Every structure is written in structure tokens, then in C-alpha cells.
Amino acid sequence: MTPLLQTRNLTAFYGDYQALFGIDLEVQAGEVVGVIGANGAGKTTLLRTLAGVLPCAEQAVRFQNRNIGGLDASRVVALGIALVPEGRRLFPSLSVEENLKVGAFARRTGPWDENRIYELFPVLGERRRSRATELSGGQQQMVAIGRALMSNPTLLLCDELSLGLAPLVVKDIYAAIQKLTAQGLSAIIVEQDVSLAQRMASRLYCLQEGRVSLQGDSASLTRERISQAYFGA
Amino acid sequence: MLGWVNTVAQGIMLGGLYGLFAIGLSLMFGVMRIVNIAHGDLIVLAVFGAIAATTMADLPLWAAVILVLAGMFVLGYVLQRGVLNRTLAGGELPPLLVTFGISIVIQNLLLEIFSADPRSLSAGGIETQSVNIAGVLAIGVLPLGTLAAAVLITAALQWLFGRTDIGRAFRATSDDPETAQLMGIRTAHVYGLATAIALTVVAIAGILLAVRTTVAPSDGPNNLIYAFESVIIGGLGSFWGTLAGGMILGVSQAIGFRVSPGWGAFAGHVVFLAILAFRPQGFFPKTHTGSA
Amino acid sequence: MSTASFIVTRTTRASRWGAAMGIVLLAAAATLPQWSDAATMRLLTEFACLLVLAQMWNLLAGYGGLMSVGQQGYLGIGGYALFALADYGGVNPFLCVLLGGLIAAAASVPTAKLVFRLQGGHFAIGTWVVAEVFRLAVSNSAALGGGSGRSLQAMREIPRSVREPVTYWIALAIAAASLIGVYLLMRSRFGLALAALRDSEGAAESQGVNVKRTKFWVYLVSAFGCGVAGALYFLGTLRISPDAAFNVGWSAAIIFIVVIGGIGTIEGPIIGTIVYFLLRETLSDYGTWYLIALGVVAIVAMMKYPKGVWGTVAERFDLYLFPVQRRVEPR
């Protein structure tokens, strides 16, 4: 079965600095794939490259049987890949409602609209008129996820959703993600918290200094092997 | 006493014109952080475009207006996408230097084509008509119309930015261009539209100016300065603030002019400097700080 | 690889050659009054003025990150200070060149307090407004000659054979001083702070650079230099008017010079001034087309070659006549 998303020898640079060295990764339709690794390993760079923020070779990224490497971010979201960026990056001068509306700018058809987002995250419905940045960390994360969902993506890229959030809040956030993936949404989940990633994803990739150091089914990977791959023994 | 009321009224209406001058400047800065030094010269360019259309091509004024408005819209889009977008990556200096160069080029091109003589547009008599308020105050139809246009356009832009998809796109792009791209917003195109709208308002301002008074190719810098002062007096971040700033400037100039004709513009500068000294954020600032 | 095999130095071979040639050129230029005519001396005086102005603008914008479109305000103040002090105060007109700079610097202090409340492009236009205010104030002052200007009476007693060479030598001295001055400034701790603040204000502040004070001093020095250049220029022309002194065309010429020559380098303004004068002498017959050409060249340069002639050359060939950066070289 051809994968929904497949990268082949994906490399990425920040100017002269090479951040990714030949990543081979794939996501099947309906699958949740986890990407773990230490700070600076290249996880965020990977997601940003997939989302089109960073350039790469055309054939390096294949999505729904099309080469999409190097396309602008605005084209990539129109094709069905949405990124929930690291640090949320909500628009400070827009309200919660407006942040969600902007998410729909790509005008893709699908089940997601504002009301469904408010069903998923009721607290957002109550605070829809507030400035997005006035909300708590957890609520802002919900807005960021909702904003990405408004583009009706086929593949959701989540960059460290748990960053800076209390454990209880993280539980709620990922419960919502689980609801989404149960409905058939494919996802790549980047996390520093390994156990979280193992619980959410069926398969894991571990990145270390820009390379894949380990991959396999989450169930079968032992703590030991992951530690080794994480820190690079 | 009545003389002073009249002066203030004239000032408010002049302020409407200055508000129109200033809105385009405010828009471009709001969306793209570009301060367009050629802004004043673009007003003059629109004027001479209309003059060329009416005198050289013998078009009636309404046709010339439509032509100039459409032309400036297209010019704005092309200028932004073709030239200014390419300067955005280099920091603050390149857009300023490039727009300064454009200012010089426009001024001298107009000088070359039209000579230095001040020209104006004729609107078939509306320039001299006036309306009687309460039987004591005579207000010109044109200044009143200019003020009305300023209020209408400000309201329209406020609505555009506040309630439409493209307006949200403008604001989102202004906040965070990279994340805006993640939403499907093509920033290069959005920037082009912003400048296109700015230059269309510039064209309206220019035409109203030229019907009211004479305009010379070298008038650009003064227009820029009045637009700029209006923006700063009003405060950054709000269209209504910019319009208010324009009116404050207009009234200051009108009062200065009444005291002594040579002191009109100077009074405006003094008020501007005073605002800078005592209330640098302007009267109605709505600047957004902070990050997500 | 041991550290002992490398040294950190600033001088380059090219800079030693450049210094030697500079001294030779300066000596040769000093003898010019013996063998050349008044017109050439006046041209070179004007060249010196523009060179100094360009260096001062470059200091402000290229190193300090502050783009001003209002330095003509200080140029005008310097010029009018000359006329006021020499004609009314009886001060030696040659001394007034320096005093013009000091008065301009004094005017820049309260101005800085105001314009520094603006950022970026708004700062640029703000400085333009201030220059306009200076112009209007002078235009409306009868004592300074009002809108039509005045002539320099104080020079009437001094014979041409003295006046012209002395003006020229002063111009030469000031031009050389400005080059050396900026060079030494950029090599000093202050220069380091300036370079840091140009690259990143936040990072510089976090390293202990007082950003506000540094910008203020740069602004003051630049105003001083422009005042001196202004006084010198009008010492040469013997006549001043508000339109000539406070004309934004000065800023246009200066900006063209620095953009073409190379922003943020000391060699750049030298090249730029040469290019400007070459173009002016050859194309001035074409009036407005010449100015349009200047504008287009500046626009294209900014878009395609933002480092200017010198910047692009220096990068390609690693050539530095006024080396400010440190380099690591093998022992």
C-alpha cells in the first residue's frame, strides 16, 4: 500500500548549516507516527520542511503520490498537510474566533468548521471573542490545533504540543488528538516526552543529530534501545 | 468669534484631505512595516495621470478618475510584487532606500514630462460651490465632500480589515508572515494587494487635492510630510486614529495660517513636534505588542 | 592544531599599501594650489564636502542603523553659523568651519531627544521634518537674510590668492580627518559597540552595550561632521540661502553616494563620491534625465547589489583598505 506521506533522503539546511541528513520516513493513511529526539535533533526542522517552510528537493517528499518537496507553505496546506507549530504561534492581534477563521483561508472542503471546533474544545466557544494571546497556555494550544483543523487536513503535523503545559492539560490535549485520529486523521506527532509519544503513536522514529537513529513499532521498542538512540551511544 | 469657528471648520475639512493622504501610508506600514518615502510623490503621480487623461486624451473627468484609480491599483500591486517584495528580506534600510530612489525618479519624470508649472483639475464648477450652515457658516461643497470621502474610506477600510477574510489575512500576515503562510495565505500576493489598495486611496486623495488647488511635480515631499505627521499625531495602528491625526494637523495649520499666512505649515510642524515630545504614542494608538 | 600557529590581526597587506598611497596622494593634493586653477580647487573642495557628508551619513545609517533624510538640517546650521559668526561676531571665517560643526552638534542634542522616539522609516521622515523646521525658521528670519539668503561679507577683506588655497587646504584636512576619524572610531570600543548594535540591538544590549547612548553619540558626531561640511561648503561659495542650505537634494546625493559606493564600509563613500562626480560632470547637461538615471541606478543597486561597489568587490577579493574587522592569519 503506498504510504500517504513518504520522505526519501530528505535533507534540510539553515543557510550553510545542515540540519537534516537523508531522512527516510513514511506515514500510512490513518496512522499516527511519532518522532522523538533530544533538543536540536532536527524534529522541528523535519516538520517545517514537510510543511513547506524550509526548502528541499522536489522528490524528497511524496504526498498522495505527488512530489511536493520545495513547494511553498501556502501550497502545502492547500494540498492537505497542516502544521501546529512549535510554540503555538497564534496571531496576537486576532481573537480566538478570527484565528480559527484564518485557518480556513485555504478553503479546503471537509467536515471541519468553527462550530465543530467549539464542540471539540468547548472552552474556546466561551472565549471566542477574546484576544487569542489572553488565553491560558493549554487553551492557546487548543486554538492552535483548531486553527490547523480548519484547513481540513488529511495529515496533521503536531510540534511538541506538550511544551510548557501542565501534565493535566497535556492529558486533555492529547485526549482530543486521540479523538481526531480515531476518526481517521493521519498525524505525525513530535514530542520530547517519550512515553507520551509511545502511547499516542503506533510507530516511532528517533532522530539524533539530523539522522534517524531508530525506528519501529512503539510496542516493540524497549526503553533501553530508545535511550541509546536518543542520546547516541 | 465666528471667524475662529470657520477656521476650525476649514481645518477639520483640510484634515479630511490629510487623513486621505495618510491612510495609504498607515496601511502599508501596518501590513508590511514599510514606510513608503515615495508616498507623497505617488499622490502627485495620480494627479498628473488624471491631468494627462483629461488634457492630452480629452477624457471627461469621471472617465479619467476611473482610469487613474484602476491604474494606480495595478501600479501598486506591480510595484510591491516586482520591487518592494524583494527588499523585505534585507532589513529596514533597503525598502527605505528604494522608495527614496523611486521618489526621486517620479519627481524628475513628472518634471521632464509636464514641466515645473503647478496644474489643477477642473471639476466643472464644484470647486466654488458652497453650502450654508444655519445661515451663518459657508462651507465649500468640495471640502465637505472631501471630508465625507475621508470618513467613508476610513470606515470602509476599518470594515475590510476587521470583518473580511482578506482583512484577517492582512492582520495575520502583519503579525507573523511565516505562520500566515501556514494558513494558506500567499504573503507575496497579500502584500501586493495591500499596496494596491494604498495607492488607490492615494489616487482618490490626489484627485480631490488637484480639484481643490494646484499641484506641482515637486509637491511630493510636502504631501509625504503632512501624511506622516497625521499618522504620528493620530497614533500607529488605527485608521480612525490616522484620520483624527489628519484633522488635528489640519486644524493646527488652519489656526497657524489665520494668525499669519506664512506660519500655516510651521504651526503644523510645531504641533507634531509637541506630540512627539509629550505624547509620542500619539492620541489614539492601537499598537499590538507581545507574542503568541 | 595549536593556537600558537595563528595570530589575530587587523592590518592587511592591502591596508598597508592603501595607507602608503594615501599619504602620497595627500601630499600631492596639498601642492595643488601651486599648479592648478581656482575652478579645480573649488571642485575638490566640493568633493571633500560630499565625502565628509557621505562618511557622516554612513556612520549613522551604515554602522548605526539610523537612516536619516534630514542631515541637510545640520549642513544648513553649519553654513548659517559661519555667516552669523563671521559677519556679526567678527570671528575668523576659517575658524567658523569648526564652530559651525559645534553649533550643529549642539542643535542635534534636543533634536535627538525628539526624533529618537520614532523608529525606522518614521525616524527617517522625522529627521526630514526637523530639517524643514530649521529651513522655515531661517527663511522667516530677516537677520539671517530671510528667504533670499545673504553673502559672506567677512571674506571681502581677504584676497583671493589667500582665500582660495586656504579654503582648499582646510577642505583637504577635513576630508582626511574624517576618513581617519571614522576609521579610528570604528576600531575603538565604541566602534565595536556600534557594529554590534547594527547587527542586533537586542543581543548588543544583552552584552552591556548601552544602545540608546551609543545611538545618541553617533547622531551627535554625524551632526558635527555635517555642520563642518556645511560651513566649509558655503565658505567656498560665499553665498547662502535656505533653499540651497536645507535642500533635501543633499540627502539624495549623499544616499546615492553611499548606496552605490557601499554601505557600512569606509572605502565605499570614497568610491561613491568619485562615481557621483564623474556622472555629474559628464551628464549634467541632461538635467532631469541625469537625476532620473541616478535614482534608477540607486534603486537597482539596492535591489541587486546591496553592498555597493566596494562591498561587492571587497567580498569577492577579500580586499580591505580600512580594515576594521579582526582576522585570523597564520603566523
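Letters A, B and C mark the chains in the order given here, with residues in each chain numbered from 1 onward.
Everything below uses one rule, namely that a contact is a pair of C-beta atoms (placed from the backbone, for glycine too) under 8 Å apart; a residue touches a chain by one contact, two chains touch by 3 or more.
Keep in mind that this is a model prediction, so the values were computed, not measured.
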Chain ID, smallest distance between chain and overall C-alpha centroids
B
Based on mean C-alpha positions, I'd like to know which chain lies farthest from subunit B.
A
Subunit A to subunit B: how many Å between their CA centres?
43
Compute the distance, rounded to whole Å, between the mean C-alpha positions of subunit B and subunit C.
33
Between subunit A and subunit C, centroid-to-centroid distance (C-alpha), Å:
53
Two or more other chains touching the same residue: where does that happen in subunit C?
none
Using the touch definition from the top, list the residues of subunit B that touch subunit A in their complex.
165, 168-169, 171-172, 174-176, 178-187, 288-292
Taking the touch rule as given, give the residues of subunit A at its contact with subunit B in the complex, in rising order.
51-53, 72-74, 77-78, 82-83, 85, 87-94, 98, 101-103, 105-107, 132-133, 140, 147, 151
Which residues of subunit B touch subunit C once you look at their complex with the stated criterion?
29, 33-37, 83, 86-87, 90, 92-98, 100-105, 108-109, 111-112, 221, 224-225, 228-229, 231-232, 262, 265-266, 269, 272-273, 276-277, 280
Within their complex, subunit C touches subunit B through residues 61, 65, 67, 69, 113-115, 117-118, 120-122, 124-126, 128-130, 132-133, 136, 140, 248, 252, 255, 259, 263, 287-289, 291-292, 294-296, 298-299, 302-303, 306
